[in-house]
Structure formats: structure tokens, C-alpha cells
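The structure follows.
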Amino acid sequence: MHTVSMRLITIVAEPVLADRLTHDIQRHGATGWTLTEGRGSGSRGTHAEEVPGSAVRLECVATEEACARILGELAERYFPFYGVVAWVMPVDVVRGDKFV
Amino acid sequence: MNEILRTNLLSPIVLSFALGLVARVIRSEFSLPKDVYAGLSIFLLWSIGLQGGAELRHASLAAVALPAAATLVLACATPVIVYLTLRRIGRFGTADSAGIAAHYGSVSAVTFIAATAFVKSMGAEAEGYMPTLLTLLESPGIHIALAIGVVNSARGSGRPLRETLHEVLTARTMVLLVGGLLVGYLMGDANWRVVEPFFSTKGAVFRGLLCIFMLEMGLLAGERIGDLRKVGPFLIGFGIAMPTVLGVLGVWLGTLAGLSVGGATVLGAMAASASYIAAPPAVRVTLPDANPTYYLTLALAITFPFNVLVGIALYYRVALALAA
Amino acid sequence: MNEILRTNLLSPIVLSFALGLVARVIRSEFSLPKDVYAGLSIFLLWSIGLQGGAELRHASLAAVALPAAATLVLACATPVIVYLTLRRIGRFGTADSAGIAAHYGSVSAVTFIAATAFVKSMGAEAEGYMPTLLTLLESPGIHIALAIGVVNSARGSGRPLRETLHEVLTARTMVLLVGGLLVGYLMGDANWRVVEPFFSTKGAVFRGLLCIFMLEMGLLAGERIGDLRKVGPFLIGFGIAMPTVLGVLGVWLGTLAGLSVGGATVLGAMAASASYIAAPPAVRVTLPDANPTYYLTLALAITFPFNVLVGIALYYRVALALAA
Amino acid sequence: MNEILRTNLLSPIVLSFALGLVARVIRSEFSLPKDVYAGLSIFLLWSIGLQGGAELRHASLAAVALPAAATLVLACATPVIVYLTLRRIGRFGTADSAGIAAHYGSVSAVTFIAATAFVKSMGAEAEGYMPTLLTLLESPGIHIALAIGVVNSARGSGRPLRETLHEVLTARTMVLLVGGLLVGYLMGDANWRVVEPFFSTKGAVFRGLLCIFMLEMGLLAGERIGDLRKVGPFLIGFGIAMPTVLGVLGVWLGTLAGLSVGGATVLGAMAASASYIAAPPAVRVTLPDANPTYYLTLALAITFPFNVLVGIALYYRVALALAA
Amino acid sequence: MHTVSMRLITIVAEPVLADRLTHDIQRHGATGWTLTEGRGSGSRGTHAEEVPGSAVRLECVATEEACARILGELAERYFPFYGVVAWVMPVDVVRGDKFV
Amino acid sequence: MHTVSMRLITIVAEPVLADRLTHDIQRHGATGWTLTEGRGSGSRGTHAEEVPGSAVRLECVATEEACARILGELAERYFPFYGVVAWVMPVDVVRGDKFV
């Protein structure tokens, strides 16, 4: 199986941000995303959600550059104000062209 | 007043709320599943809308016009009053003041229902078209408060205000209230009679589901109780005094506009109530600097219980006095 | 015809559907939570099944036999007619033609209910055992169309057809409709009377929940509206012309089989309707080459609204004419 | 006895359960969405609690005292009987014996309702305050069995027993049953009459939703059927013999305490039933060595169906005999 | 803590495929899996689901060879027809024998 | 974008353990966590849940040492009795101080 190395960025955030984040990552070149709902706890206690503690978890496989741009935007626009964490790791995919 | 309070405190709505509060205080893990909670709030809003529409057919435009005007006056006055009080007296920042103003500018549908049920149980049923007024009061206050906040705030969220206003206008609450009003109005009496036992806000289904919803409201309020320390004595006092002022203002305007004692009480409760469904996400994305602990604790853990436990009975007393 | 159409368009079912459609068009984020939507569809199917079973006790075998035969004829004819039309006239491939045929071969339970409610509101209530016919029509058409597709298709999914057929036969819709029929039949009249106010498809609970379900149907249809461009003018025309043909065929067969005007109308609506619950996953796994945009847009965004808004009223006119 | 059994087997509750069982056996993918299932169980427990509270207003303390005492005797005796039987006769380990004892020491709310519905359909309605007894029986048996298990078990979970007992006392079932009892009692007759059609355990809504819940119970029991092989013949026999013994004991104590035939039957069914909502998580975290396959299969796949299909009818026969 | 290196394969797919995928991965030697539900967007717009955009996310810790075989089967049987993406990454686990 | 290397630990377990696990990881120095609900299958067939097969998936970004301590506790207190699996992998995060 021929695989290509890409980056997976995972963003966990307050649910109010869900739509904006999916738009943002697509603007930076991501070709797709997957979102699951859950709950969490971190440094910011209170979320503006009906159900306290709820969180969305957004995953996106993209190029290293796209992930760096996404991280940059997160750091600038969201980290100061919102409950958001993100992490990046290398992954192997088949059909690497799908994600560019 | 004692008898009035007693009637209110022993209503199923208040008792269920209290039970939820206690359950959280004794650290029970109980809570409504997320989708059940969302489903219930959809049912409640949709029922209010439909019934409002069905009743509107029986109201003359003339009868509705004045109360509607009074409601719009409240929609504009409330956020401004709240904003100025917080800025001038409370010395809060722009974002926090505007954020809290958006919550009081809108309305809590559950408080509305609790008030409607209460006046009915006191034998002073409100006008049938009250849900129309609820719908009118739902969104303008949020728009005004957010506009104040954005205009006066140096550091915005980098997001066009227009987008948030669109979101508020097309939010779940608006679709269900405005849409329900239209559908209830258009479907006509014969069709309404078929579904009335299910949707009527006076019926067993609505009242029963409301109890279950109030359980969760109690849990949610209980969850915020620990935050009372964080908001400080000024805001705690504010969360009781401000609804009292707004409630009396609402009752007075309602009486002026010709509403019955029950109707004026309900309008007062609407004015006094703070939204915790529509306002929080709108404020969160538009005024990210505003501290959610402030507005959520105020709306859910202070003003909501205050209104449901004591406020409504108080506004009713005021309405009685003004009518006399 | 105008009066008939008007009655239909102002029914709560149609109004709720329209509201959902509008909500999506103005880009509201509103939607039913997933589990609420699934729960509602379980309730609706189960109620239809139960009521069908309870009514079946009061129908003689002789009375049901002919309409049942007519229904089975429709179950076999519909997928073949649709398949051949698409292959010969539309020049579509095997997979797409068979996939679409599977959808029209089955039936939309909500269209069935809308038709039942409509004829009742016109004073021409359908036979009580109609849900039995719905159950008969639910799955054979899917089996036939999938078999056509698999036999004629070079490139399969590598999955035994047998597995898919088992899935269709044991799917949620079948368990609830067939199982409900049995339970409703076996429980007897006394037991049925206890739960009837809750499950009756004429009752307030069923009608009320159906409205909420229709809201979501409107949202789902609205979501597909953008795909209308992708399916092209032929399929758009097909999605209106084909149900008309199948609906008239159903009404005619129903009348021949001795159904009342209401019953023939409902049978016509069933024939004309395309499944969007049972058929899509079965087609997706068995005929992966078939383009989901085609069959989903046809079923949800063209034929469903056409039937609910106009088709049912039309089949009723035809039934009236044939009966005269 | 035949006629009694037939009435029971053709009740909607039993038929729905059987349908769920069959659906799982034919490997249908059908199941209730998680949140719907949780929502239904909340509704059922809350309704039982409320109705119990509302009925309690009409019962004199004197009338309730003796049956309540009998119930507490059962709560203490049941776990001990089960534990000793498993240890001495079955030669099971401490953890497994105590774990299973916790399940029989508590009570299955659905079995309670099935018994209540059954005696009513036999014309021997149980006392209105039975839900109070259910509430009394809910938790002490779990506490006793867990304490036995922890005291006798070398290898614990490293988790203080106190924490688990707190969890049991504040669990969903307790909040809804005890809380419902209080709310139902306090709200008074006028308020109860408003919501009674919705919550009454004899009403269409409750009975209808119970059917849907039983569907899922059938599915869950069916899921465990494959485990019957794993639990072995001793436990299968135990799962039938033990409820029979406990059921007769319950009926006898109930009759002694002055309960009617219907009331004694229901108390017997409660004693005979094993909890599958409250007990499993408590046992899992406190006695991790206990094999979940044993207690879950016993509670759900053996004793629950046995009681619902046959046991309740049997306890009724016994109650009739004892009353004569 | 003694850890062993394994592979984690994550598959995001249309919900209709959920059961087939869990069977497939077990056939290729996986000893377990975890599935969460969510929604997503990618190159194929339309899914045959009642609720558009819904997706399942399947995770499986397995040996490098098992993951390669699973990727191979995905590429052959599903990628051409269905909305499916997959990525693989190395992970450390305790009790490595559990996954073989 | 300046990133720091951290560890991500993912724990999949029977739902009854959810609360205990979130407490445990915080005791070992984790500053936050994210939990999603799903279902799964592994070596232990039967879970003591109302709905068989349900599972919770807990994620936590933490230091290498914290992750090692968490793994150690899992191995000792839960692995022998409960359905639990866990895996660890390196990830890059912005604002590394958030997780210490």
C-alpha cells in the first residue's frame, strides 16, 4: 500500500465556534473535515452553551503548511478569547492528492 | 401576598425546578440527555408559537396594536437601561455591560409560561395573543445591545455584526416562535382543534413536558450556583433589583396599553426575564471579551429563579394595585 | 380543484413542511436533534402499524383480499415501469435506473399519512386497513429493483445480494410496520382502546408529532434544493411526471379493487411516493455505482413535495372522477 | 390459570417485548436511539413517582404503615436470601454472589408497571400508594448487598464504599422516584388533575410510551440470549426459581400486611424482580470482580421475561389463594 | 511503564458502511474497535443518509501489517464508490499482546 | 508558528468509569480533557451498561511524565477488571504551558 505523509490537526472548542472553524480551515486549504460532539474541561471554566462543558472536536487531514496556517489563525483569533485547544501530528494516508 | 406566593411555590413548575436544583446540590449525576432537552425546548417554543397564531385569529388588530407598541417600547428601553446601569453605576466595561444587556433585552420563554400558568391559576387568565408579544420581544433587544457593544468596543471579534444579527433572526427560537405563529394562524380553527390537546399551553401534554424541562432548568441553575461567588455582591443584587424594576415597568406599560391584570403581569415577567437560549451564543461570538460567567450566572442562577419563585407573584400584586 | 388544493395547502402538515423549507432557504441553523428525529419516525411508523392491526380485526378477509392483490400488482409493476422509463427514455445506466426504481418501488410513510389526513378532511375517510396495504408495499419493490440492478450490472459491490435483502426485510420500517400490525391485531379491542388516544393516526398526539416531523422533512428537502441543478431538467420532469402516472395507475387499480374514493386516493399516493428511509441505504450498499444525488434529490426534493403539495389533491380528483 | 396467562400474554406490554425479542433474534439492526431510550425511562420513573405522591395524599398513614414495614422487611431479606443461596448452594464466589444479590435486592420498575397493569385488567386494582413502596424497595437492598460483598471480599476496587452508596442514593432512579413522590404530594389535587392525563400510569400516554420502551427491553433481552450458554444451567434455574420464591414471599407478606389481592400481587412482583438500571453500574464499580455476564443475563434475559410472561400471573394466583 | 509500538488506523466513512467496516477490520486481524458518530464534509457531497453529512469515525489499534491490509481493502473496495477517508499513525500501548 | 512537543493519551473505557478516569488524569497533572461517547468491541464481551457495547473515549494532552503516570494507574487499577484500552502518541501544540 503506497502511503503519503500528511498532517492531522485536531481542534477542540466551544460549540458556538463550530461553523466558523469549519469555514476557517477550508479557507486555509483543507479539503474536508470531521466533527464529533462531546464534552470537556480545561482552563476556562464557563462556556456560553446551554449545556455547560459541551465541546466540539474537529479533525482535519491537510498539508503541513495548511495546518501551520490554521494553527496561526487559531492562535490569533480564538486563543485569547475562547476555550480552544489544538494539536497536530503526522499521519500516513492513501490517496494523498485528496487532501491538497 | 402570602397566599399568592404559596400558590406559586407549590405549582408543579416551581416544584420541579426546585427538585432539579436540589438534585444538583446533592451532587446527583442525573441530567436530561442532550437531545431530549433540545427536543423539549423545540416542543415548548413551537407550541407557544402555534397557540399564539391560533389565538391571533380571534383578536382584532385594534386590540393588539397598543400592547404590541408597549412591547416594542420595552424591547428598546430594556437593553439601554441595563447597559447604562452597568456602565455608570456598576463601572463594568463595554463588552460586559452590552453582553448582559442583550440577555435582559430578550426574554425567557419558560418565565413567560410560568407567568401565564400562574395568572391562570389565580383566575386572571392573560390575553390569548400574548405569545405574539413574546415573539416581538424575542430579538430586537439582542440586536440593540450587540450594536451598542460593537460600536463602543475597540477590540471586536473580527466578525461582521451582520452575520450575528442574521444568526439571531434565523435562530431556533425565532423559527419556532415566528413560524409557529404563522402556521397556527394559517391553519384555521378546524385544523387547530385537531392538534390543540397536544400543543395547548394549558393542556396536560404541554404542562407535563414543561415539568420535565423545569427539572433540567433546575439542574442547570444548580450548576451555576458555585459561580455566585465569582460574580460578586453587586451583580447578585443587580440580578434581583433589575428584574424588579423592569417587571414593574412592564406591568405599568402593559396596564397603560389596556392589558388585563393577567396580561400586564405576563408582560412584566417578560420584561423582567433574561434570555438564556438565544442570547448567550450571540453574545459569545460577537462580544468575546464579555465574561460568560457574568451573563450566564445572572440569567440562569439569579434572575430566572428569582422571577419564577418570587418575581411573578410580585408583578401580579403590582398589576392588581395598578388596576385598582 | 381550487378549493381542494387550498384545503391541502393550509393543512398543518403542509404548512409545517413549508416552514422547514423556508427555514433552510434563509439559512437557519435550526434542525431537529438526530435522536429526536429518529424517535419521531419510530413513533409514526409504530402507530401506523398498530392502528392497521387494530382495524384489521374489523375487516373481513374477503374485503381485504382484492385491495391487497392490487397493492402487490403495484409493488411489482412500479419498479419495472420506472426502470424501463429511465433506461429507454432517459438513457440512464443500469445502476442509476435500478437505484431510482427501488425508491419508487417502495413507499413514503409520511406521504401515506398526508393522504390519509387529506381524504379525511375532505369527508372521504379511507378504509381502516390501509396500513396493511402500506406494509405490503413497503419492501417488495426494493427487492425487485435491486435484483434488476445486480443482475444487469457488471460491477457489483462485492456484497451478496442476499445480505442486502435480509437487511431490507429486517429494517426499522419493516419491524415497526409488520410488528405493529401483529401487536395491534393480537392485543384486542379492549387493550387498543387504552392506548388509542396516544397512537391513533387521527389523534392529537400523532398529528402534533407529525407536524414537528414535517418541519424536519422541510429542512431536509431544503437541503437538497441546491442539488436540483445537478440532476438536470430530465430528472426534474421525471420527478413530477412519474408520480402522476403511478398515482393515477394506483387510483385506477384501487377503484377496480373496490376501494372507496378515499382508499383509492391513498393507494394512488402510495404508488406515487418514493421511499427515503428504507430505500437509500439499501441502494447505497448494493448499487454503489448509482449516484445518490439522483435518487435522494428525486425522492426528497421533487416527488415528496410534489405529492404533498399537489399530487394528493390530484389523485383525489381522479378517484372522484373514476367513482362517478 | 390459563385464562389469566392468556390475558397477560396478549397485553400490549408483553407483545411489544416479544416483538423486540424476535427482532433481535432475526438480527434486525433496529434499536431505539440512546437518548430516546433514556428519555423514556426518565418519563416512566417520573410518572410513577408523581402518581405515587398524588395518591399518597388520599391514603391515611395508618393504612400505609404496615405495607411499608413489609416492604422494608423484603428489602433486607431479599439480598441476604439470594447471597446465601448462591454462596452455599451454588458455590459462587463472594463478589458474584453479592453482585447478583444487589440486583434482586432492588426492583425493576417495568416489572412493577406490568404487574400494576395486569391486576387492573383482572379487575383487582392495586392500592394507589404502591409507588411509595416501590421507592422504599429501590435502594436499601443494593446497599446491603454491596456492603456484604465489600466486607467479605479481599480484593476491592480501591474505591470507598461510601462513594458508591452516595451514587446509588442520588442516581437517576432515586431522584425521579423520590423527587416525583415529593412533587406529586406537594402540588396538590388541583395541579395534579391538570397533568394527570399525561403522567397517569393508567393513561394512554404512559401506556403507549411503555410499549415503545418494552420494544427496546425485548431487544436488550434478546442481545443477552446468546449469553445463556455462558451462565450455565444452575443460574438459568436460579433465575426462574428464585423470583418464584421471592414472589410468593412478597405476596404472603403483602397479604399479612393487609394489602388487597392486587396490591399483594404487585408487591410479590417487586420482590421477585431484579433491577437492571440502578444495580448494574453500582455493582460494576464496587465489585469489579463480579462477572457482569452473570448478573446482567439473570436480570434481563431470564428473570425479567419470566416475571413478565408467567411470574406475575402466578403471583396473582397465589394472592387469590391466600386471600380466600 | 513498558510500552509497545502499534499502529492506530482511523477510518471516517458514510454511516451505511459502519457494520461492513467493523467486520472487515476484524477479518484482517484487528481484535477490537471503537466507533463514534459525527458529521463531516469532503469531496463527495451527497451521502445516502437521512441526515446529510453524517459520518462514522472508526478507530482501531492493530499491528502494522493488519493496518496495511485494512488500508488495502479500503482502497480497493470502498474508495472508488464511497465517501471514505483513512489515516494511520504509530501509537504506544501497554499490553501489546491485546492487539494481536 | 512556534510549537511544543507534548503527548496525547487516548483512553477508551466502559462508561461507568468515565468520572473516575477524568478525576484520575487530573490528579496526575493533566490540565484538561475531552470526552466523546461511542461504542466498541474488544476482548471483554459484556459491559454493565444499559446499552451493551457503549464506550467512552477520553483524550488528554499532557506531558510525557503525566501520560506515563496515567498509563501506570490504568494498568494497575483498571486493566485487570475493566474493559479499558489506552494509547499514547506525540503531538505538537501551540501554547505548551497550557498543558503543564
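When the chains are written out, they are named A, B, C, D, E and F in that same order, and each has its own residue count from 1.
We take it that a residue touches a chain if its C-beta (ideal position, glycine included) is under 8 Å from a C-beta of that chain, and two chains touch if they have at least 3 such contacts.
All values reported here derive from a predicted model rather than from experimental measurement.
Common partners of chain A and chain E, by the touch rule above, are F. Among the other chains, the CA centroid farthest from that of chain F is the one of C.
Taking shared numbers over all numbers used, the chain E to chain F interface scores under half, which places it in the different class. Ranking every chain by how far its Cα centroid lies from the centroid of chain E, the top place goes to B.
Between the Cα centres of chain A and chain B there is a gap of 35 Å. Chain B and chain F have Cα centroids lying 40 Å from one another. For chain E, residues touching at least two other chains, in rising order: 36-37, 89. Contact of a single residue of chain C with at least two other chains is seen at positions 29, 33-36, 39, 205.
Pairwise, the chains that make contact are A-B, A-E, A-F, B-C, B-D, C-D, C-E, D-F, E-F.
The residues of chain C lying in touch with chain B in their complex are 10-12, 15-16, 19, 22-23, 26-30, 32-36, 39, 121, 204-205, 207-209, 211-212, 215.
Those residues of chain A that touch chain B in the shared complex are 14, 16-17, 20, 45-52, 54, 77, 81-82. Remark: chain A residues 12, 36-43, 55, 57, 68, 71-72, 74-75, 79, 85-89 touch chain F in the complex. Those residues of chain B that touch chain A in the complex are listed here as 34, 37, 157-159, 220, 223-224, 227, 276-277, 280-281, 283-285, 288-289, 292-293, 295-296.
The part of chain A that touches chain E in the complex is made up of residues 1, 3, 6, 8, 22, 31-37, 57, 59, 61, 89-95, 98.
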